[in-house]
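Next come two complexes, and both contain chain A; in the first it sits with chain B, in the second with chain C.
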Partner chain A sequence: MSWIWRGLRPILESVLAGLIGLGVGALIMWAWGYRPWPAYVALFKESFGSGYGLASALANATPLILTALTFAAGARAGLFIIGAEGMMYMGAMAAVALSLFQLPSGFHAFVALLCAAAAGILWGFIPAVLRAYRGVHEVISTIMFNWLSHFLSFYLVANVLVDPIRAEKTLSIVKTSRLPLLIRGTDLSLGIVVAAGLALLFYVFFWHTVAGYEVRAAGANPYAARYGGVSPQRTVLLVFALGGAAAGLAGAVEVMGRPPTYAVYSGLTNLSGFGFDGIGVAMIGRIHPLGIIPAAIFYGGLQAGARLMQMEAGVPFEMVRAVQGVIVLALALPELTRIFKVFFRSIQRKGART
Partner chain B sequence: MNWAYFWSLFSISLHAMVPITLTAVGEVIGETAGLFNIGLEGILLISAFTGTLGARAGGPVLGLLVGFLTGLGVGVIFGIICAYWKGSQMIAGVGINLFALGFVAFGLQVLGSPGFYTVPRNVQLPPIRTSVGSFSPVIPLALLLPFLIHWVLNHTRVGLRIKAVGENPEAADVAGIPVELTQLLSTAVGAALAGLAGAYMSVSWLGSVTKEISAGRGFIALATVVFSGLRPLLALAGGLIFGFFESLATWIQSLPGVKEAVPWQFISMIPYVATLLVVAGVIGRVRFPKALGVPYRRE
Partner chain C sequence: MAEFLLRAEGLTKVYPDGTVALSGVDLTVRPGEVLGLLGENGAGKTTLTKILSGLLPPTSGRLLSPRGQVRFHSPKDALKLGIGMVHQHFALVDTFTALENVALGLGRVNLSSLRKKLEKLVEETGLHVPLDVPVENLAVGERQRVEILKVLARDVEILILDEPTSVLTPVETAELFKFLRNLRDQGKAVIFITHKLKEALAVTDRIVVLRRGKVAGEVKTADTTAGELARLMIGVEIEPGHRPVELALEGEPKRAEAGGPKGEAVLAVKALKVRSDTGELAVRDLSFELYPGEILGIAGVEGNGQTELVEAICGLRRVEAGSVELLGRNVTNHPPTELYRLGLGHIPEDRWKYGVILSFTVAENSILGLQRERGFSAAGFLRAWAVRRHAARLVQEFSIQTAGLSAPVKSLSGGNQQKLIVGRELSKDPKVIIAAQPTRGLDIGAAQFIRDLLLRLREEGRAILLVSADLDEVLALSDRVAFMYEGTFTGVARPTELTAETIGLLMGGVKAGSG
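Then we have the complex of A and B:
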């Protein structure tokens, strides 16, 4: 029995946290004079009620799976890498830059993905070295690098990669470098396969190889792992590289697989936020590569439905991100289910007394 | 080039110093008690927004008060989750930051101005006008508060208790100090100062709210705390240093001829590069409370 509980509990906790998040979201909507129920009906009807909505949910989930993997890789080693946002911008820039070259169809996309992953790894290199050899906390360094990436991308979008005809966006990804759509008429591209495939690779690496086991050991107990011969420096560099590759790919699959423009807009409006959303997705997926996939689909669905919610109920779609924040806050609690058990028991006791 | 240019650099520095100093000094209190709050960025953002609402409703002073109380409220939630329920401080902090991103973007939409809201002139905090320029009244507060906190932490019983809780919660517990309550109050007061800093940005300094108004200042404040080694007066010095670099970026862009030579995006990177360099330079030489970041559980 206990092993079933052990497997079920994280799922139960995520569901519980999700309900708490939606509850607080309803409270906020109500406080601002909106009616929560019709808003939520619109939200879920769109995202999970139709084939098209589901395809949108999967399309939105694609970059989130990848940025969530960045956070999860770090968290498994005991690191708090919140730099996916900046790495993701760099990946997108690399993908766009590769469209300046001419390569055969298909192979072009493959090379672009590789370069994007490399760009993400490169962007994480200095924070990784600072962490490994100078002990600089990765929360501070990766956030600073997010801002550096933000400004560098602004520069690249406006000056280097700009579309000569439409100045509000970069050059579009050339046809040979685009990821083909899986379902005609939707936004769902081959990117979802890349994302899910990488999640699977991460799972195999972390749970079925010695190197991955060592990373997890270093995260669970750094002293014991060090005593056992695991180099802490190597672990830091490794997870930063894995995370950087995933985040770089996130930016790339988004521009290479998102019709109609296949480009980055000035102000990075069609990219900004994926890195931070990925943290939430990783938490809801319990920082497990296979848990991240359903969590990303859930969150991608909320995003897809949020647009309809805005149209039908008038509630601004940013609401969804606030809900996500509350979900993460709830997930900060250890043994969330236990707190509820204690809570219910105290209610029962009160009930018995009166 | 004349003196007026340098004077403007000094003036912007003083204004840019305030949010970083207030937030950092507040976090010094919280970290001394053993709680590490990476949600400061979010608190700055939320209270910049709620401060605006307060100012709209009842003037600039109410705005600052609402910002302060917003920070206090978020700090209490953070404290309950982390001190009483032994939740993960890192994850709770991330939760606050994510919530802030969504909540403020949502709120700005509701105000009818997606992404940007200008605080009406008549509800902005009026600056103190002197013969050498006008300054926000919050500046002297930010300059004096670190001294007050220095005194409380180092020369009063309350300060000793806060230190004991952060250094050795078990011993503090045995000595009859309420560990959880001390941690909750310390982190809440710290968060309240971050809230005041947020409201200062929108109601007094910048006069507007955007989705990016905090611009990494919460994390720069965390870097300042690292730099200070939990000494409030050094946190003030750090605030002045980082405030200077921030204003340096603004100032250089205002110089004639610079904009044509160097793209503004690269000048805007200055404060973030400076933060990285300072943190990479000082780390390893500072000592933090033993129980920082570790939830205390009675055996």
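Then we have the complex of A and C:
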């Protein structure tokens, strides 16, 4: 019986947190003179009430699942990898660059995905090595690498991979390298299968392999892990590689599976934010690969429903964002409190060593 | 009518878990005197000083100042009466200067007038410390002076120092002593807590010896000897051959009385040097050998290098110099998993640090360190079934009380966590077992279980290194006992050859044959 309770508890906690979030959001709307009930009806009718809405929710969820996996992989090993954003840009750049080549249809997409994953891994390599062998805190280094990636991508979009006809975007992904749409007329592509599949792989890795066991051990108690023969350096490198691959894929699926342009816009406007949103999604999903999937779909649904909430219930966009922010925050709170404890412990540990 | 600054009458402290730390302690603190508080681990020294400095309320008993009874609700109340304490662990802001650290906590102060005051204090007491250098750039001894200045700046009459020399070099210690005598000559009172006999004899005027929460004796330093202090510290209950721990074994175990180590040494430590976290030399040139079928006990007050020694042997701490040989092979600075493959089992001192992963399940913890063994992994995957079977066997064999194999280990009691660790280590079939504080914090039943087990393992011909702060335990279980003091052994002997006096002397740092 107790094991059932242990499994259910996080889910119940999340449901409760979500209800509290909805309640507080309703209070905010009510306080400013909007009617909460129709607003929520519009929100959820749009996102989960129709086939089209659900498809957009899933399409929105696709890159978020992947960037959330990056954060979750780090967090399971006791690391705070904030670098999914930068790794994701690199993945997108790699995917676009692969369209400069000619390969058979399908195989082309496969190679592009592989290269994007490799680009993500490469982008995490320096912070990983700095962390593993020099103790440079990954929060600092990955944030710095986000900016490096940001401006490098800016340059690539505007100068190297630029579409000669339309300078506001890169070359479009060639047809042979596009991810097929699952439902015609929607944005939902095969990317969701890639993302969910990777989440499943992550789950198997973390809970059913020896290396995954060691990573979790290092995250839960680094001393005991070392005592158990786990190399801290290897753990850091491994987790950064896993996270880099996931984030690289996030950038790739977003450009390879997003009609109509299949390209990156200058200013990275159609990419920016997925990496950071992924952190929130990972928290909502309790940094568990299988929890991340529903969390990302919910998050994607909130984005999809925002438009109708605005149009049908007359709630201004800023208010929609505020209410959604409250809901997300409430949902993330249970994991957030846990993770902050770990985070501050890791800082104190480092302080004590010097 | 003796003049006094503070008097404690009938102090008793019972902790919420039922531990009686102090029972009926009387103590008088007089001006112009260095008062030594001597005792081994768990004697109640720290509890007593916490009560005197207002950190803890006593369960019963009272404190008297010359103006009548006082009651402390916090260290602030004690400070108002002129009682200040310097703790073993410093509480300084590393990036602040000494001056700023002293100013901190004084409320609104004028830094330049505080500087004048400190300069005068430094002059009077000889407590030289650079006032304008960030504390992080100061040596440990200097940091301690800043701590002392912090207390003195509040115009205290009674200065309490908790094991102040444990972090100091001999030169720094000598300077500290000089300063303490200075302070005494100015009419202040100093309470000096220590477990080191030599220091107690060197710096104090009067010594109160605590043993198991009671005053075992009070002597004038000038009239006493190390031997007398040792006797008081250890007590008279331990007579030669006495076995204080009742061993509930079927049939008395045969001790290695036939004499002499049997066979080749399975663990040989040679001229080992290991540093502590703070960079001090914690193990200094230590050598010993461990033979199959014996329990070698290491006794001594905690913090004399036992932790570092064990960690170094088990591959968890870097060996600075010297060597560790396991079953004839040099394994100095080899990784832990390699050591256990060779035949080393380690029951770590800090269960929650090295022993278990609290958030992991019983099953997951049961293979920590074994996860790469063929039985538990196949092509990189964990064989969940084999892991559960292994855990189930440990649970049964060591009668571990748990809600199930999937219960997180943090839901187990300390005794059951320890049984799980011990079971796991024994499932490695070790030839050499390092047991560090194996019964600490366990209830009587669990502790007895572990002790019986250690004796059984010894009967099986395994070699056991037992490190324990529980003197009774070491004396009862060991074939040979080594006494550790400041990183070296002061002596090695059979328990039956030891008297209370020699034990006290050895634990207090007087080398065998030199006192």
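Please note the rule applied: the second predicted complex is superposed on the first by the 289 of 354 C-alpha atoms of A that agree within 3 Å, B and C clash if a C-alpha of one lies under 4 Å from a C-alpha of the other, contacts with A are read in each partner's own complex, and residues count from 1 in each chain.
Going forward, a contact is a pair of C-beta atoms (placed from the backbone, for glycine too) under 8 Å apart; a residue touches a chain by one contact, two chains touch by 3 or more.
Owing to the predicted nature of the structure, the values given are computational and were not obtained by experimental measurement.
Of the two partner chains placed by superposition, only chain B is touched by A:Gly325; chain C is not. Shared-chain residue A:Tyr89: touches no atom of chain B or chain C.
Of the two partner chains, neither chain B nor chain C is touched by A:Tyr262.
Once the two complexes are overlaid on the shared chain, A:Phe240 sits clear of chain B and of chain C alike. In the superposed model, A:Ala224 makes contact with chain C only, not with chain B. Once the two complexes are overlaid on the shared chain, A:Phe206 sits clear of chain B and of chain C alike. Once chain A of one complex is fitted onto chain A of the other, the partner contacts of A:Met144 are limited to chain B, with no touch recorded for chain C.
With both complexes placed on chain A, chain A has more residues touched by B than by the other of chain B and chain C. Against chain A, in their complex, chain C makes its touches with residues 277, 314, 316, 335-337, 346, 348, 353-360, 364, 368-369, 371-372, 376-377, 380-382, 384, 403-404, 406-408. Those residues of chain B that touch chain A in the complex are listed here as 38, 41-42, 77, 81-82, 85-92, 94-103, 105-106, 109-110, 215-216, 219, 222-223, 226, 263, 265-266, 268-269, 272-273, 275-276, 279-280, 283-284. If you check the complex, the residues on chain A that touch chain B are 28, 32, 80, 82, 126, 130, 134-137, 139-141, 143-148, 151-152, 154-155, 158-159, 273, 276-277, 279-280, 283, 316, 318-334, 339. By the touch criterion stated above, chain A contacts chain C in their complex at residues 2-3, 6, 208-214, 216-217, 220-221, 223-229, 352-353.
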